[in-house]
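You will see chain A twice below: alongside chain B first, and alongside chain C after that.
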Partner chain A sequence: MNNTMTTKDSSFIEQSARQRVKNVLDEGTMRELISPFDRITSPWLAKQGIVSQFDDGVVIARGTINGEQTVVAAIEGSFQGGSLGEVSGAKIAGALELAVEENENGNPMSAVLILETGGVRLQEANLGLAAIAEIQSAIVALRRYRPVVALVTGPVGCFGGMSISAALCSYIIMTREGRLGLNGPLVIEQEAGIAEYNASDRPFIWSVIGGKQRFESGLVDSYISDSQSSAREAVEQYLNQGVPEIHRSEKYSDLLEAFLRLDTQDHIAPHDAQQVLLEGVASHE
Partner chain B sequence: MNNSVQTIPEMKAIHDNPSSHRGAQWFALLSHGFTKQNAIVPSVLVADGEYENRACRLIAVVPDLNNHFPRAVNGEVGLLEGMALAREVNAVVEADAHSETKRALVLIVDVPSQAYGRREETLGIHQALASAVSAYANARQNGHPIIALLVGRAMSGAYLAHGYQANRIIALSDEGVMVHAMGKAAAARVTQRTEAELDQLAAENPPMAYDLKSYASLGLIDNLLRVESATQPTPSDKHSVEQAITDALLDIQPKDTGISRRLSGEHRKASRQVRDLLKAQWTGA
Partner chain C sequence: METLYFQRPASASQVQPSLVGYVGSGDLEVMIEPSHGECAEIHIQTSTAGSEVRWQQIIDQITPVIPLPAMRMDIHDFAATPGVIRLRIEQALEQAMSLGGSHHE
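Showing the complex of A and B:
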């Protein structure tokens, strides 16, 4: 590996899940839980003739960030599209549940979720969905004590049930390359037609669900460039801010009224959406 | 969403006429004698009453052919539904904030899917659904007993937003009741299999299956309830369901605010193993 790859300002997006976890934790503090050496693989993929992976595509580690106890979970987008199955889902849910227990016992512990995921792994469908419900329950419990920070940098982006999980977090950090939305573009195109949503029109897709648009709509907190140092600094910054006074998921009353007043005959241009979303949320602060 | 339903005759009928009336029907039946509340949107039904002296709010999401958002007319959980659910649930939590006994929430679940559309993604449907998930998780964690009654489809993101945060899940034993992450045809496309292959795989992989018996083997249903007719409930069906709700309410203890009981299912061995191992490795050597 040459030097430019290891300097602080190399790409975060190009890093593996494990490298990303190491990058956001204080140097030398990363301790991986259920590492590939434990060989806990998906019991369902093998039965379907699909090659499994020793970490099932999720890396969990404890360590510190700015000296504060933190648990980090990262989904590996290159394994099965970052999909969550029984094992990978249980790793995230279980880690968050233990972080809740730490806080209940008076030991502050925050969480960082590095999300590259299409959502539920269809080969383990109902167990993936169940795990996501459990992850969501744990995020809501944990964020009362300490912030839960989500990082969505791409290349996969964050979709399906896990986009709802991201939206439950205390803070969301995105890059220009990241995408955040409930339904994947291809699924919408399949279900609603190409006139509704053209999945192959990349500029269009990014104009709707890309990091810049999400930031300018107030649906995420931070818009960073793709570098290891900016990812790390943004995570530190939001952990330092502590628990927000009102979580984003609670700022819906005025938005609901605004959506009811909106002309929904036609599609809503991204710029108009920014205005509606920003005004709806701003009236809470 | 589903060509998947083609193999099940009754569901085929639902597909041809995508609006299911089961939710509205069961809501009308169970809210008899309750006080109907005017929710902010016609697709969310709310009624307040009592079961065995326990104050309770019934909530359902139903089709509204005049929905302000055209891609949410068939009972899908969309932008408005997510935020309206949050509003109705949070109103109960706030009203009961200082009372010893927390009102119960009974959710009638018949949701074909989340809304798929450009308007939805542009305005951040993931965030709207997070408001609902947050409200339900928060209510449960604050001691409000929540019961989900599955009378039709409980699909994917829609079920996450309306049902999956419940303390107890009751499902009518009927072939039109289905929990899944994705319809069969769409799942076949994504996993690059034929529907016949999926059926074969599902026979050996309960999390992939579309039938309730397989789903129940995951430990995610507390009570699989026999009724004479899920679509034309008899007086005795009404009585059985009310009895099941009452039994569940009595069974939920004040400190029973989590969902870990779901982990005891026959086919959730890996979910338990992962949590045990995380716990064992949590504090380090």
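Showing the complex of A and C:
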């Protein structure tokens, strides 16, 4: 694709995973690891009659951001809902472990995760779950040295085990279009009933798990508009901030206390949820 | 899912690796790599059952327009329409045969 097609302020959401990686990194520094030409595809999908993709839906590259060594992993939300299987999960875990190793050898290397995922790939069940556990261990190992920045711009959002991975990151950046939650709307609708949670009511869904709500609840660090330049600038900003003094996931007990005081007899509107979550976050400071 | 294979005579022109598209609903990915053989080998994975004749027709429509180079072409199709298929194949061939074009995006 020609370079002139992506001007500086084009949409970030509309870009493919590979374009996103290229545009987050300094120009001309992207070096893809385990590229599609290595043909490392899922060994499980074809056996179940499902067409595979040459990169198994994950793009891994190393390069620089502002001249600093960085590894970037991006999930392609268009392939199997951005689900993580054995290969795609191992690619992300391996990328993070590479960065841990570099830091251990005295070579600073940060990580950026561009997440468009429904979580584990159900066709690969336990292998996907195991890979997500490896990703989480690697995030925790890496964030001691250098920031791990999560970017959730949509359109898919970030769900399942990978929402926990995002929460373990040093910083989370979201757009209005992004969504972040443990269970996806359809799963909750199926469990709780359509009267309680209507997955096709888009304004309602975004008011509960959308980027704006998550930012105003203090659960994510940055709320950006959908453009390539704002995505890149936000990533730069948080990499420059370095490792936070206390990671958000270390403050979980404060949120637990806020939940214990919660009166579940009343209907909790999105605004009330914000207050509860903010109170939990604030009680630490 | 069906796996199909086609072989066509090829010109000797050089190709560079290229990749376009993705395996999303109504789309496909097309990957081209150089081969040492003398023909164009086309390997297809498609989610659409009973589509062999259709693929044959699409390939036969393209060959008079773009003479196929010696290559290995892999197609992963997720229920794309013939129009989209033809567009993606032509896009991949154009990238593979252009000098100095970007490898893939």
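Please note the rule applied: the second predicted complex is superposed on the first by the 278 of 285 C-alpha atoms of A that agree within 3 Å, B and C clash if a C-alpha of one lies under 4 Å from a C-alpha of the other, contacts with A are read in each partner's own complex, and residues count from 1 in each chain.
Rule of thumb we're sticking to: contacts are C-beta pairs under 8 Å (C-beta built on N, C-alpha and C of every residue); 3 or more make two chains touch, one makes a residue touch a chain.
Keep in mind that this is a model prediction, so the values were computed, not measured.
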Query = A:R202 contacts which: chain B (first), chain C (second), both, neither?
reply = neither
Query = Of the partners chain B and chain C, which touch A:A192 in the superposed model: first, second, both, neither?
reply = first
Task = For A:S217, decide between first (touching chain B), second (touching chain C), both and neither.
result = first
Message = Once chain A of both complexes is superposed, is A:S16 in touch with chain B (first), chain C (second), both, or neither?
response = second
Task = Name the contact category of A:E76: first (chain B only), second (chain C only), both, or neither.
result = second
Request  = Please indicate which partner A:Q53 is in contact with in the superposed arrangement: first for chain B, second for chain C, both, or neither.
outcome  = second
More chain A residues in contact - chain B or chain C = B
Inquiry  = Applying the document's contact rule, which stretches of chain A touch chain C when the two form their complex?
reply    = 1-3, 16, 18-19, 22, 36-37, 46, 49-54, 76, 78-80
Inquiry  = Residue numbers of chain A touching chain B in their complex, please.
reply    = 31, 33-34, 38, 40, 42-44, 47-48, 60, 62, 86-87, 89-91, 94-95, 97-98, 119-120, 122-134, 136-137, 140-141, 160-161, 163-168, 180-183, 187-188, 190-192, 196-197, 208-209, 214, 217, 219, 247-250, 252-253, 255-256, 259-260, 262, 264, 267-268, 270, 273, 276-277
Query = For chain B, which residues count as touching chain A in their complex?
reply = 1, 40-41, 68-71, 79-80, 82-84, 86-87, 90, 114, 116-131, 133-134, 137-138, 140-141, 156-157, 159-161, 164-165, 179-182, 186-187, 189-191, 201, 204-209, 215, 218, 220, 258-260, 262, 267-271, 273-275, 277-279, 281-282, 284
Query = Tell me, which parts of chain C touch chain A in their complex?
reply = 1, 17, 19, 22-25, 27, 29, 31, 33, 45-47, 74, 76-78, 102, 104-105
